[in-house]
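Per-chain numbering from 1; labels A, B and C assigned in written order.
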């Protein structure tokens, strides 16, 4: 049981002068319970990957499968794969949060009562009281609340795989924390793929990381391996290290020492930097 | 993924037609229209069509781009041709299909009307192909300027047009995003009869319009912050002015078009 | 000098005060960062700077001009340039140079002067060479720099930025902030930056924190960054770099509280 990409290539305008390969032979796999991060600069293919996973885009080569079923068009994965786009709060259309969140379940054929119950559960899951927020008009919600309400709209469909495009973008610290805790709780039952520019805290909790560079997979593997390969990735321009790791790398460069591979652990980085500092001061 | 101009059909190039003043081109389109509708026989039509073909050649715009502009009216053109050509149980016919027959007279009439539409559309398409949106709205504003005496808010209309043009690609992208987002929630847009399909678009149109109104409000604030107080007293960085050559071309070619329609 | 004198503001008569007796001053050449949680009044404060909103009580003066006075508000808007969060909500022109020219055109300036100002503004914003580009083909960072150029073309003394990088990716954020950073110290503008980002606080000359419309802090950035409770009230998060700084200081290293980026940490240890 997994959502898998096998050598997937997605292109636009194939065969013409303007042909573009948004994704080039990319593979990845997500199982329920796992968190996969997809990193890379704008234009590296991250959004294309999510769209292909949701069945909104057909690959020109390779296969995308959800639980063994080939993903071909949004219809085949409705209910199995849930996707949340960037700034999803701009997509509210109903007069109440409850009605808007019920759109997904209703499209899956659930009855009004079943949908309402799904919505209540989903709202609870994102930390919004259904009695308080259900009847509210969607555009009266604050940034963080709206983001969570949009998330509830997708969770109400009970997807086995959840795809999130920049879920923490534009939120303040409290909002980001709220979204991260929702991701952790959803992860218990579903496989989660998060595309993000801000891997900061999520990186520590991820199972796998895919780094895209111009549509190709520059790296795919676990977090520890990512940190070990970090220098190489930076040299190829494929990755921007998290700021803490970058500080250690910069310190090593300044002190003229090649150190061990950077890790995400702040304490370890601090010790390493302190060590370099002490060495530089040296016994005089 | 849009590396082509999103603002309609404008194809940048350096040709005499591109360099011609936008207002002159608008005047020519007006003359073209009048000439076409004055023409009573095939002679005038052919003469004008030749003039338009010459313009295409001068414009250095690829034929493909011109053809693309015709796709939208192809249905009307074919319909016009067919509707005029056929008659119910005509006396003489070129060929028949059941009770319907294609008459020679009908065919000629159909061809006339169809070609007229084609020439008109090609002419207008040439205007948008060779004139950038900013020059086009500037040209329209100058052409409409006399209407100010009738209290028509010409400057405001031109500003509205420019802003609308600027937001066409942005709004199209926004709409596409919303469609995909709702599809991801199971919305289906391509099934059912016209009424069902129209209703299916409510979850797209509502947020889109909401965004548009919100954006209009924010844009108005931003414009005020840049001292926009209406179009009186505004200057332009790139104001076009009719040069001698522009007048010459406009008057000369208009004369050709109009006389072709009148005499031929 | 741009100053707020006991400014209070409510969006409707009888409604709750969005700003409550706020006083501040901004001098040319200074960067003042304004922080606070959502709903604290930051955006309201920004809009009061150039007369888009006028105080319910108290006054906002820009080089002696009163923003509430009909006769002077347009002069205020020349002196105070504003840049908002969403670049698409600010770009009006069909090409980069046309949009940059919008402000000077509104001022009725002669065409050659507009051309010169546009060239200068685009140069400062790093957009030279993109003059004929259509806005929807720009990256988000480029669009926001265009919005900044549009404000600069009016030749303002003061620049007010309302969360200018909130909608940008890290690359866009860096390019926009590098332009903003130079505006105060190199070009002498007075810069007021409304932000959610602790790193912006670190880079400023002064910091102002709002909570429920009242000023709860007005002083040096390092003092704000050292106050964990205050940071929480303002919805600010120093993130893992803040943790790194704390850990290094705990080990006795002389890393200042304002060092929230790799360069500043390393520079403080290895000159």
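In the analysis below, a residue touches a chain if its C-beta (ideal position, glycine included) is under 8 Å from a C-beta of that chain, and two chains touch if they have at least 3 such contacts.
None of these values were measured; they are calculated from a predicted model.
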(request) Looking only at C-beta pairs in contact, point me to the busier pair out of A-B and B-C. (result) B-C
(message) Please identify the chain with the largest separation between its CA centroid and the CA centroid of subunit C.
(response) B
(request) Round to the nearest whole Å and give the separation of the Cα centres of subunit A and subunit C. (result) 30
(request) Starting from the mean Cα coordinates of subunit B and subunit C, work out the distance between those two points in Å. (result) 42
(message) Two or more other chains touching the same residue: where does that happen in subunit A?
(response) none
(message) Give the residues of subunit B touching no fewer than two other chains, as numbers and ranges.
(response) 3
(message) So in the complex, the part of subunit A that touches subunit B is made up of which residues?
(response) 12-13, 18, 20, 51, 54, 56, 74-75, 78-79, 82-85, 88, 90-94, 103-104, 107-108, 139, 153-154, 157
(request) Provide the residue numbers of subunit A that touch subunit C in the complex, in ascending order. (result) 41-42, 142-144, 169-170, 172-174, 176, 197-198, 200-201, 240, 242-244, 246-247, 250-251, 254-255, 266-267, 269-271, 273-274, 277, 280
(request) Give every residue of subunit B touching subunit C within the complex, in rising order. (result) 2-3, 5-7, 132-134, 162-163, 165-166, 169-170, 173, 215, 218-219, 221-229, 233-239
(message) Which residues of subunit B touch subunit A once you look at their complex with the stated criterion?
(response) 1, 3, 177-178, 180-188, 202-204, 206-207, 210-211
(request) Within their complex, state which residues of subunit C touch subunit A. (result) 37-39, 139-140, 166-167, 169-172, 196, 235-237, 239-241, 243-244, 247-248, 250-253, 261-263, 265-266, 269-270
